[in-house]
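Look for subunit A in each of the two complexes below; its partner is subunit B in the first and subunit C in the second.
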Partner chain A sequence: MRESKTRPWLLLAGPLLVIAGLLLYPIVRVTTLSFQRYNLREVISGSPVFIGWDNYKQVFTGAPGLPGSYLWRTILPNTVVFAALAVILTIVLGTLVALLLQSVGPRVRALVIGAALIAWALPAVTGTYVWVWIFDPDNGVALHFLQSIGILGQEGHNWFTDRYSFYAIALLNVVHHSYPFVAITIFAGLLTVPTELHEAAKIDGASAWRRFWSITVPLMRPVFAVVTILSTIWDFKVFAQIYLMPGGDGSNPEVFNLGVWSYVSSINQTKYGLGSAIAVLLTVVLLLITLVYLRLLFREEDTA
Partner chain B sequence: MTDNAITGFDPNEKPAGAHQAEAASFGGVGMKIAGYAGMVAIFLLVALPLFWIVVTSFKEKPDIYTQPAQWWPANPTTEGYKSATTEIDFWAFFRNSVIITVLLSIAKIVLGVISAYALSLLRFPGRNLVFLVVIAALMVPNQITVISNYALVSQLGWRNTYQGIIIPLAGVAFGTFLMRNQFLSVPGEIIEAARLDGAGPLKLLWRVVLPMSWPTLIAFSIITVVNEWNEYLWPFLMSDDSRVGTLPIGLTQLQNNDGITNWGPVMAATVLAMLPVLIVFLALQRHMIKGLTAGAVKG
Partner chain C sequence: MTTVKQAQAGPAMTQAGKKKRSGVLLTGAAWIISVLFVFPVVWMIWTSFHSETDAATNPPKILSPFSTEGYSAFFGSNPWPPILNSLTASVISTVFVLCLALPAAYALSIRPVKKWSDVLFFFLSTKFMPVVAALLPVYLFAEKIKFLDNIWLLIILYTSMNLPIAVWMLRSFLSEIPDEMLEAAQVDGAGLVRTLREIIAPVIMPGIASAALICFIFSWNELLFARVLTGTRAETAPVFLTGFVTSQGLFLAQVCAASFVVSLPVLAAGFAAQDKLVQGLSMGAVR
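Right, the complex of A and B next:
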């Protein structure tokens, strides 16, 4: 190569400094904190106390006031199962909308793309408020609707106290907010699939279902890989959508996920050590997923 | 890549013939009806909440809570918009959002392009390792940076300042990732030709690589602008009021006003907060659709 050896590093210096200062330094600092007791008293005195694995013990076997199986029964399902469902639903809905975009006329297409883009532009904060309001226990549209068709009686129902209905609403909210990116990306990918392949397969008598799985999906694998991993990262880190729902701000530990638990422990309860240990756990989970993704990615580059 | 007028989104573009035929042959008529019914259901699920926001923003206060719900404002009014812009310091929040979004987006785009360029078209030892670090950085959850930076920024006395909000958020990994994929898809012959003509790395980037990558760059810019515009957690921690708070912070203030939510103004403020992003979408969407996959699919 002709360019000098130092030039790439000159170009990379800025971005790497930013990454190191803003992303790697916090990792080191939070990892250190996770082995310390750094509660309000230590914050004031400015001298954290090293306590070994105690914070992690609390995470895995129960912090004060929380059941011993809290991580396994509440937090991990709320984080992992929720993210898995959100990713699957987002990809399926996004693919369906992308296929719809392909098969409708230009006017309907413009309408659907418009609705999708508006859903994307909706701030997570107000998106959450809208869903909370729709499911409001006293006055919500959903309540009136279900009462009017006789599914719910006059006594009403509070969806936010029960963990499952809480997360069902969060799921609606998150999928509604994240499918537009997926749909438009997949739609753009579909435009690159050569039509001749579909024509040929049709002449051979392949059904639309079969053609979708044997032509579209294999050709679109890189697109699906990208939207899947990005959705996974985003859905594991969901914060505002949980925190802003009734109970998610700290009053109902049943509905926390890893991110909210970490935030509530450190910022609300000033147990920075415990919060850090939880954040480290979240990072480890995400890194494991990344490793799987990197394997897929590099295998693709090898075969390409 | 030069034909984005053809491949980019165009409402008048005809759907590819093969796919029209595909829809028609999707099983029998029953399947087709079921398919359309499903799509209509999806569309309603997606569009109804949005419709509800807009309708509510134009309702009079008592009408918002009547049951059965009004699907069209009985007495359309712009009172909600008036309250939204007077009950909170709306335009100050708006100004802060613009300043923070613009500065953050510029920083992220420049850093993303430069690092992606170095990681894709320059060859040097350790390149894959650096890329791995970037990918790993992409995973770092907000909670990590929040815990670490909160104390740091507070000690610096940077709470309620623009730099306190902007600098800790400037870490970029997504852009590096997206732009690297795009740059790798630029044909090697073109780059070799430019090099033979004596173009240095920066000229190569500015004159050859970037002009071929506009769609992806625009897609990346839109994603960045939308994300920064809607960023909640960090600005929420860093600002107490409208001095540097962003629109999402203003929206939470409006929602918590007096303890009872007055949904009309909240919905009106939501509509106002979405408008700038929608304008950006409208201006750039034609280029964006191609850009989202340019890096992922070679062809």
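Right, the complex of A and C next:
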């Protein structure tokens, strides 16, 4: 085509500038902040102090008022183990629902997709509150249900004070919110798998299980790669779902993850430097995951 | 197609009974899953239409009289300015996203830039940036130029937040247009504007619709930026909701009514445009 070489770049200029401005500026700024002491006193005086790696030392070996192993024993498990479990559950459930969508009639399919989209579109804020009310320690539906079938006695139980049950509820909330997207994406991918392959394998006597692993999975590898990495990024970044649960807003440091810890340090405690160092750590982790994602994605596209 | 069906017909006859049973099982599973998907939403709506005393009883009364007590309490707290703010921020940022993303997607798919994969790399790499890391820089900058508690700040942020997804999705839709169609247009002497309006627009209208819906939903649901960067003036609906829940948390019918009203626009959008969303979501990630 006879096209000037600059025109495509002119068309791209707007978005590139907007994104560069709103991506590069914060990254540079947050990194600078992470090397400064910028607490309430410096906020008032308006002159932050350069302190080198001190904020990072606090992140890795304990900030004032927190145990030295806080990052390793609390924050990282809450972030990494939670994300790993959430990703696995999301992908497995998403795949099962996608396979189900493929094998039911169009009307039932429309019903499931409609329900899934409701779960997906529901704001994280609302979704989190609803789960918190359902598990309310004094008057929740879950409490009543468990008491009526005799699992729980009259004394009741507060699920939000204990880290594990707190994260079990967060897991339920996050998976419920994110697997509709995965199910719909995988379902769309399944439609591209030629039915002839399955029919041929069926005639050869291959079981459904066998056909799934030797036909569907290899052909769908790029789709699985994309949804896995996207889910990993989302589940590492989970914020509202933790912050809005009882204790997540700052009162119970046992239940923070990297994002919430950064937010509480910067916004609640006005330790801008420490909060920034935590945010940089989270960004680096996510950057590494994204690099893996891009490599997988584009290698697939090149060979296709 | 017909040969496949015929081949299936033979052995399938003996398995008809078995097939029918597994069909019923699958349909049953589909129903159960659908109920689980919507359970929190249904519970929220159900509770919101109870009177405060009925909502607070344990065991919860399932068949108690219908009441709009919760809604009158919520609307009595003047939620309209935040709801309007949310609408403004979501709609205007969506329009901005589309204006910026369409030409970019066009440049990337139909008239490929030489380094298009690098450019796409750049757009996609923005996904890693956690909002929490951008929060302080944006806050400090906005404070310095006196731009805090201003709805335009959120509009700019939401635009840049949703731009990469929109570019990615629209590019997928645009790649569906056959090159011959564009070449034919060029032979006819159609200019860029005419080509855009008469060939490309009709083909990607569904793409625009689904990108717009997804951007709208993401902006409407955003909490972190809105919570830190707005105050009483530019507060959005989700921020208002967190405040309302903090002060009225003991009144379950009220807070459920509030949650439902705040979720209603996105739930309605999601429900009304299922096909568009399914298409958009899968286009965004699959291709």
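Odds and ends about this structure:
Simple rule for what comes next: the second predicted complex is superposed on the first by the 295 of 304 C-alpha atoms of A that agree within 3 Å, B and C clash if a C-alpha of one lies under 4 Å from a C-alpha of the other, contacts with A are read in each partner's own complex, and residues count from 1 in each chain.
Note that in this section contacts are C-beta pairs under 8 Å (C-beta built on N, C-alpha and C of every residue); 3 or more make two chains touch, one makes a residue touch a chain.
Quantities reported herein were computed from a predicted structural model and do not represent experimental measurements.
With the C-alpha superposition on subunit A as described, subunit C and subunit B clash in the combined arrangement. In the superposed model, A:I134 lies in contact with both subunit B and subunit C.
When the two complexes are overlaid on their common chain A, residue A:R211 makes contact with subunit B while staying clear of subunit C. Of the two partner chains, subunit B and subunit C are each touched by A:L11.
In the superposed model, A:R163 makes contact with neither subunit B nor subunit C.
Of the two partner chains, neither subunit B nor subunit C is touched by A:R37. In the superposition on chain A, contact is made by A:L24 with subunit B only, not with subunit C.
Contact with subunit C, but none with subunit B, is seen for A:I203 once the two complexes are overlaid on the shared chain. On subunit A, the patch touched by subunit B and the patch touched by subunit C overlap at residues 1, 3, 7-9, 11-12, 14-16, 18-19, 22-23, 25-27, 29-30, 33, 97, 100, 103-105, 109-110, 112-113, 115-127, 129-131, 133-134, 139, 141, 144, 148, 176, 181, 184-185, 187-189, 192, 195, 199, 223, 226, 230, 233, 236-237, 239-240, 244, 259, 262-263, 266-267, 272, 275-276, 279-280, 282-283, 286-287, 289-290, 294.
Across the interface of their complex, subunit C is touched by residues 1, 3, 7-9, 11-12, 14-16, 18-19, 21-23, 25-27, 29-30, 33, 97, 100-101, 103-105, 108-127, 129-131, 133-134, 139, 141, 143-144, 148, 176, 180-181, 184-185, 187-189, 192, 195-196, 199, 203, 223, 226-227, 230, 233, 236-237, 239-240, 244, 259, 262-263, 266-267, 272, 275-276, 279-280, 282-283, 286-287, 289-290, 293-294, 297-298, 301 of subunit A. Considering their complex, residues 4, 7-8, 23, 26-27, 29-31, 33-38, 40-41, 43-44, 47, 56, 58-60, 100-101, 103-104, 106-108, 111-113, 117, 119, 121-138, 140-141, 156-157, 159-160, 163-164, 167, 183, 186, 217, 220-221, 223-224, 228, 238, 241-242, 245, 252, 255-256, 259-260, 262-263, 266-267, 269-271, 274, 277-278, 281-283, 285-286 of subunit C touch subunit A. Residues 7, 9, 11-23, 25-27, 38-39, 42-43, 45-47, 49-50, 52-53, 65, 67-69, 111-112, 114-115, 117-119, 122-124, 127, 130, 132-151, 167-168, 170-174, 176, 195, 200-201, 223, 226, 229-230, 232-233, 237, 247-248, 251-252, 255, 261, 263, 266-267, 269-270, 273-274, 277-278, 281, 285, 288-293, 296-299 of subunit B are the ones that touch subunit A when the two sit in their complex.
By the touch criterion stated above, subunit A contacts subunit B in their complex at residues 1-3, 5, 7-9, 11-12, 14-16, 18-19, 22-27, 29-30, 33, 43, 93, 96-97, 100, 102-107, 109-110, 112-113, 115-127, 129-131, 133-134, 139, 141, 144, 148, 176, 179, 181, 184-185, 187-189, 191-192, 195, 198-199, 202, 207-208, 211, 219-220, 222-223, 225-226, 230, 233, 236-237, 239-240, 244, 258-259, 262-263, 266-267, 272, 275-276, 278-280, 282-283, 286-287, 289-290, 294, 304.
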